[in-house]
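Take a look at the structure set out below.
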Amino acid sequence: MLPQMESLNRSLGTDIRLWPQDIRGSQAWASALAGAGVLSQQEGEALVEGLEAVAHRLSAGGFDDAPDEDVHTLVERLLGEEVGELAGKLHTGRSRNDQVATDFRLWGMEVTSAIDEALRELGSALVALAERGIDLIVPGHTHLQQAQPLRAAQWALSHLWPILRDRNRFQGASERAGEGLPLGSGALAGCPFPIDREWLRETLGFRSVSENSLDSVADRDWALEMAFAGALLGIHLSRLGEDLVLLSSQEFGVLRLPEGFCTGSSLMPQKRNPDVAELVRGKTGRLVGNLTGLLTLLKGLPSGYNRDLQEDKELLFDTADTLKLVLPPLTGALADAEFTLEGEGQDMDAGLLATDLADYLVRKGVPFRESHGLVGRVVRRAEDLGLSLSSLPLDAFREIHPSFEADVKEVFSFEASVEARAAPGGTARGAVEAQLASARELLTS
Amino acid sequence: MLPQMESLNRSLGTDIRLWPQDIRGSQAWASALAGAGVLSQQEGEALVEGLEAVAHRLSAGGFDDAPDEDVHTLVERLLGEEVGELAGKLHTGRSRNDQVATDFRLWGMEVTSAIDEALRELGSALVALAERGIDLIVPGHTHLQQAQPLRAAQWALSHLWPILRDRNRFQGASERAGEGLPLGSGALAGCPFPIDREWLRETLGFRSVSENSLDSVADRDWALEMAFAGALLGIHLSRLGEDLVLLSSQEFGVLRLPEGFCTGSSLMPQKRNPDVAELVRGKTGRLVGNLTGLLTLLKGLPSGYNRDLQEDKELLFDTADTLKLVLPPLTGALADAEFTLEGEGQDMDAGLLATDLADYLVRKGVPFRESHGLVGRVVRRAEDLGLSLSSLPLDAFREIHPSFEADVKEVFSFEASVEARAAPGGTARGAVEAQLASARELLTS
Amino acid sequence: MLPQMESLNRSLGTDIRLWPQDIRGSQAWASALAGAGVLSQQEGEALVEGLEAVAHRLSAGGFDDAPDEDVHTLVERLLGEEVGELAGKLHTGRSRNDQVATDFRLWGMEVTSAIDEALRELGSALVALAERGIDLIVPGHTHLQQAQPLRAAQWALSHLWPILRDRNRFQGASERAGEGLPLGSGALAGCPFPIDREWLRETLGFRSVSENSLDSVADRDWALEMAFAGALLGIHLSRLGEDLVLLSSQEFGVLRLPEGFCTGSSLMPQKRNPDVAELVRGKTGRLVGNLTGLLTLLKGLPSGYNRDLQEDKELLFDTADTLKLVLPPLTGALADAEFTLEGEGQDMDAGLLATDLADYLVRKGVPFRESHGLVGRVVRRAEDLGLSLSSLPLDAFREIHPSFEADVKEVFSFEASVEARAAPGGTARGAVEAQLASARELLTS
Amino acid sequence: MLPQMESLNRSLGTDIRLWPQDIRGSQAWASALAGAGVLSQQEGEALVEGLEAVAHRLSAGGFDDAPDEDVHTLVERLLGEEVGELAGKLHTGRSRNDQVATDFRLWGMEVTSAIDEALRELGSALVALAERGIDLIVPGHTHLQQAQPLRAAQWALSHLWPILRDRNRFQGASERAGEGLPLGSGALAGCPFPIDREWLRETLGFRSVSENSLDSVADRDWALEMAFAGALLGIHLSRLGEDLVLLSSQEFGVLRLPEGFCTGSSLMPQKRNPDVAELVRGKTGRLVGNLTGLLTLLKGLPSGYNRDLQEDKELLFDTADTLKLVLPPLTGALADAEFTLEGEGQDMDAGLLATDLADYLVRKGVPFRESHGLVGRVVRRAEDLGLSLSSLPLDAFREIHPSFEADVKEVFSFEASVEARAAPGGTARGAVEAQLASARELLTS
């Protein structure tokens, strides 16, 4: 093979990380061959032990630049160094196609636990942040306009639930990786030896054996699901990043990120830039790009194994690596983030209570649509008079509608507003505490 | 609002299809308001009946060009025509934000059944095609090179299993649509009236109530999952389309698509173009584009409802519409597709049996790696002599290795080759019939 | 053709808009056939006139639901109604493949002028906004942290230059549409009649004739370039939308969007939501999705015409339609947007002048890196003392470094700070006015 | 900074490759500072020389694992080791923001020449392949159905023209990189020292100076254009790869790829897999993914510099690296590819001449639409009689239409068919030779 082709052809730099899976799969295969009488019991055992020795050598590292084309040829060569010609019997009835598909799935089944753990820690940091923000009332926004008062805890927890959904998606992708063991599919047509695939399945921890050999060697659905889980998690992280950038701006002034996760400016000494939030938000690009890349890669390929599939691993590995890179610092930053507002929203704009004013009228029997319009008039009246909503005199209210009575002044309490929203999922203290309890339980599982 | 803004702002043309969901959600809300004592029982019932009358009018069609901004204002206006001022009470404690999120989810929970049915029919057509191809042995490919003989049924079924996985993905997305009822979340902070959200959940068929109001109004995870299920299905359809185009080419000559799904050429009268396969393959573009579009749309939005979210529906509706458009003709084409080869591969290249030759040596005790090399030498010898592998004299075999004996000639049977691959998932008749039985069962559920 | 296939096959609903291009291309082809002696002069003229009559009928509209498969068969059928059997001669030596590629390119050459005009108007609105903001000094941000003072005009113009680059990209895509006239390429192999392609090129306004018939019928590079120009414009619009949302928030309070482009809230009567900015930002999704869709569509197709290409038009039409939808309201909103801050930044944080303080030390001979560190100490000292930077006593400055002298107080002028940045491209009045002059000139071309 | 944040924050592993650009930009800046009187002439010269010494050290390699955060801090630290405290003056009036934007653009201006050279070599290989295929007539396809005879040269050249368009796109992106020098924009507001930006522009080889400092520090349009050029090139390579896979299949049997670019099978000794074509086709995924990643990254960012932009480089570097990886082996494979058919298509199906038959009737005065229908009947008649089109007796022709005369037999010449397509761009020898001449000229420029 010519040198310029070798660079393109070679995948060892990428797939070396699959050596533990390649060893496990090969050991299972050796035993299965012995079980089927294709090898003697003794040969089977010698291969398993030889592979163990190879694993020992590989675990010491330093093989990234080995001369072999990929991890499979590397393992086979090292096995030859351990057991001699017997190594040549391991590949009986097995193809590179079912072998690599099995290795990759084993990796997919395992990688999730690290991601899940990182997500659990991120979730715990959000819970702790919510606990620090349960007494604090801040402006809640829609359309980035101030809308209604919120407990800061409600905001923090709004970022938790997506993360919990993401955990489920990764868990699901991992389960799919374990559905349909490819080993025993041969190159495309199945295995010509009486291999016990059910035994292989159990040994390798799969949930089921693949049903069709031709489908099995090229099925990467689980990998796409995992890349999608990564992309959607990326979208959630971009929202969290966006919020952190906003809330730690001077204008919003709600949150301070810890110094160790910010940087100063090369030109402006007073700056405290929310780098962690921006870097995390920026990584969304490659997470989405990896998904698009995998979809593009697979589009229009004919059935069966095609060499294009070599590219699948690098893209998915990058998604996993990116997540392992971004989640810990984000968690660290949230763990020490501080709310910089205090109290129960005393300084907030009374306009945040306009909905409560409409609800007040509703309770007095005014249909909501009408009360909505009436409050609009109240808001404009206050603006015309240059007054805040809460300091508008009762007369002015009553000119607009007689249902306004002296108790209207009780509406102007941020605390009362949030406490009114006591239905499940709302921002009242009780509802938030129920959320927290539920979240804590989910995070221990 | 200025005319050029109105065009941008207006979504009725897109969301009119949500009227049944908007009616159902509103009826449930009216009852819940009555249940909570916010409305009288009588008011609640009047609203439910009024909405029923509105539904009756809407089901007659013709409202796409109504002057209203969106389906919600349309329904509210028509309700006013039915019940007068009382209509103004329906929106009490509800926001457009939780309302539209609920409508959209209800649609997502329902749309899947049509897609699932279309996928089931596609699956049945593939099963029937496999049944027609169980006796037929064709060249199987990897890297689009002829590799090993396959039953045509094995090829047909290789396209079935991805479709069954797609069914599961759509089912999953639909379940996620039903997890976390948004209704009762208000605009962002929750509902200030003692609404029974659990009752709403049960009435509307959701699996759970959302846990955080702020998350709930902006959570579109389920829609992304459905768009992803559509994109991955698109990838599978592109592979099926690619195979159909290949196999119905003159060069491959394995399959004939029925005339009603092909077109002639405007310039070349002899052509029979596999249009159905190409058009289906081409639609993969928009299915992937819709997913990318949704991811891009959501990237970097701050938390809570932002008006950008209006765009989510058009993209997901397009995915559903595209699938409903492409699946039936593809199913129709497969239902009447015919294999144009006959027999048991008599005319195929004996090179397809090279693996079997290596397996023959393995059975004689030669390690696979060595036998693989020996067969390579046999192949080259036959080439040098200008002979097919099967007509090479026994002497020539034995010159290469003494393990070749007279029975080597038995290797040269395509039937024997496929029957050897009898492990589960393989192309032997028994294994294929087991697959078929399993597939038929899954298609009835 | 079966009904379910007909729906998939039919493209008239999409390509009907190409009728003017189809007529023009066909008229040119008729003349070219006559010029080549394939038709008589009289036949050629009769076809041209007949096509004129068809154009007249089509311009009246109402053909979207015609029974024809696509615009080409519609035009051919109507032509038959005008000129009888002669219509059957028009397709001589021409294929649907070179015909549709020509029509689509003609559309691409023309559509740009509408987009360019809309971009020019958006640019003019930005220039006008800049003119209204030339005296206003506002906080400029990096990392969304307040960084240095800026003229509001500098901010407005920062959105203009990307728009001008977008104009160039659309212009470029349009030029590429006009490079390589496909007409005369036949289905794939060229035209067997002595057509004068150079005459066709000139008549149809192309810049060159395609060089290879097989490439020409499938080349959609120009369409991808236009879709890319649309996607990148979308990215720029998302940035502008993001800025408008931010600056019109209560927290930033820098800009007020006109009422006709905002909406109130269904639940919160006091809200003024920047809908125009959000809707524009949201449309980025489909613009990016259309590009991804086109790339996915083309990936892996073999050479020559494949029916998949039918999908190209709908995606690119959507990009053009989306731009025509979003640009006018965005322009309208900017035209009447008002800056809501006043004066020369009196109320801004003196921290914005920290860089100027460092520059002050540099001018006194302190190396920048050192002065950067010294100013950091000044900032912290002021914080410790609970003072703003500008009210820190001179002694405190001098304790940190003796180069601080009485004239340090002159640094604390926002006006002086912006005026210092007088190098080309900077925020000083003179530099901004030079920008404005240059922008105005580019917008008149 | 905490360790987990450091990993996220650090970009040296990626941006170390920008050191030559960082040195050049810094040398120019040092001179400009001296020119503006901010530094003395002597200081300026000392910095330039110090940077030269740093370059010398860096060119020896080994700095990838240096402790510095990024290439800029690395260069600054090494400069300090060379010139001491004076190094602290280099950053005067410059920000990391305009510095990195300048470095990245300088890289973009330079990287194109390597890509262009690789494309030129690929083009030359296609020209040479076309030269080897000028006498060979092969079936041309549309919809992958055999359509009309083609010179193999016409097919080879159909892949050349897209490559030439790609060269122009890269050239264009490179020019855009050189439009709008950022240096002198400061962090966002411009430079407070009287720097001669026009001199900087000329020194650094830019075409113009940026017009707006705030736009300039965040403008990555040129990088998106380059990523798009890479993605579209990827699409073209996927088409070429697809064709190579098809044509080297046993079924098509038109082309043989050289052994050094193929691999055998681990299981099937007879296989010759077109790995080079598949690997190249597979790389399209990441090229498209990089573009999507960049678009996603930028979507919704507010104006000015945001740290998210750190991600831009890795994605674009990957596009450039991928192209440098795939183009040489593809070129190598084409350089030694051989057509495996011979002669003038003697064995091809006469159905390929059906269009010529219709053209024959047109020349006899039958309108094309009618002749198209008549030839359809001829084709079916031949099928019914089990005859090839060319062996159908004259009587059978004449029964269908009297315009068929004895000279109809002359139609059945593949050579005559291709020679008829002599209009520019067609497959006749003369037209192909004109193409070749034009291609050769473009490839020398």
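Chains: A, B, C and D, in written order; residue numbering restarts at 1 for each.
Just so it is clear, contacts are C-beta pairs under 8 Å (C-beta built on N, C-alpha and C of every residue); 3 or more make two chains touch, one makes a residue touch a chain.
Only a predicted model underlies this, so the values are computations on that prediction, with no experimental measurement involved.
Write down the chain pair with more C-beta contact pairs when A-D is set against C-D.
C-D
Using residue numbers, check each pair in B-D, A-B or B-C against A-C and return the one sharing over half of the contact pairs.
Having compared contact pairs by residue number, the answer is B-D.
Cα centroid separation between subunit A and subunit D, in whole Å?
Distance between chain centres: 34 Å.
Measuring centre to centre with CA averages, how many angstrom lie between subunit C and subunit D?
Chain centres of subunit C and subunit D, defined by C-alpha means, are spaced 24 Å apart.
Would you pick out the residues of subunit C that each touch at least 2 other chains?
In subunit C, 91, 97, 141-144, 147-148, 186-187, 242, 245-246, 265-268, 273, 275, 278, 281, 284, 288, 291-292, 295-296, 298-301, 306-307, 355, 372 touch at least two other chains.
Note which residues of subunit B are touching subunit C in the complex, please.
Of all residues in subunit B, those touching subunit C are 1-2, 4-5, 7-9, 91, 94-97, 186-187, 242, 245, 260-261, 263, 265-268, 273, 275-276, 278-286, 288-298, 300, 306-311, 314-315, 325-326, 328-329, 332-333.
For a test of understanding, state which residues of subunit D touch subunit B in their complex under the given definition.
Interface residues on the subunit D side: 139, 141-148, 245-246, 249-252, 264-275, 278, 292, 295-296, 299-301, 349, 351, 354-355, 358, 372-373, 375-376, 379, 389.
Can you list the subunit A residues touching subunit B in their complex?
Subunit A residues touching subunit B: 38, 85-93, 97, 140-144, 147-150, 154-155, 157-162, 165, 169, 172, 176, 184-195, 197-198, 209-217, 219, 221, 224-225, 228, 231-232, 235, 238-239, 241-243, 246, 281, 284, 288, 291-292, 295-296, 298-307, 355-356, 359, 362, 367-370, 372, 418, 420-428, 431, 435, 438-439.
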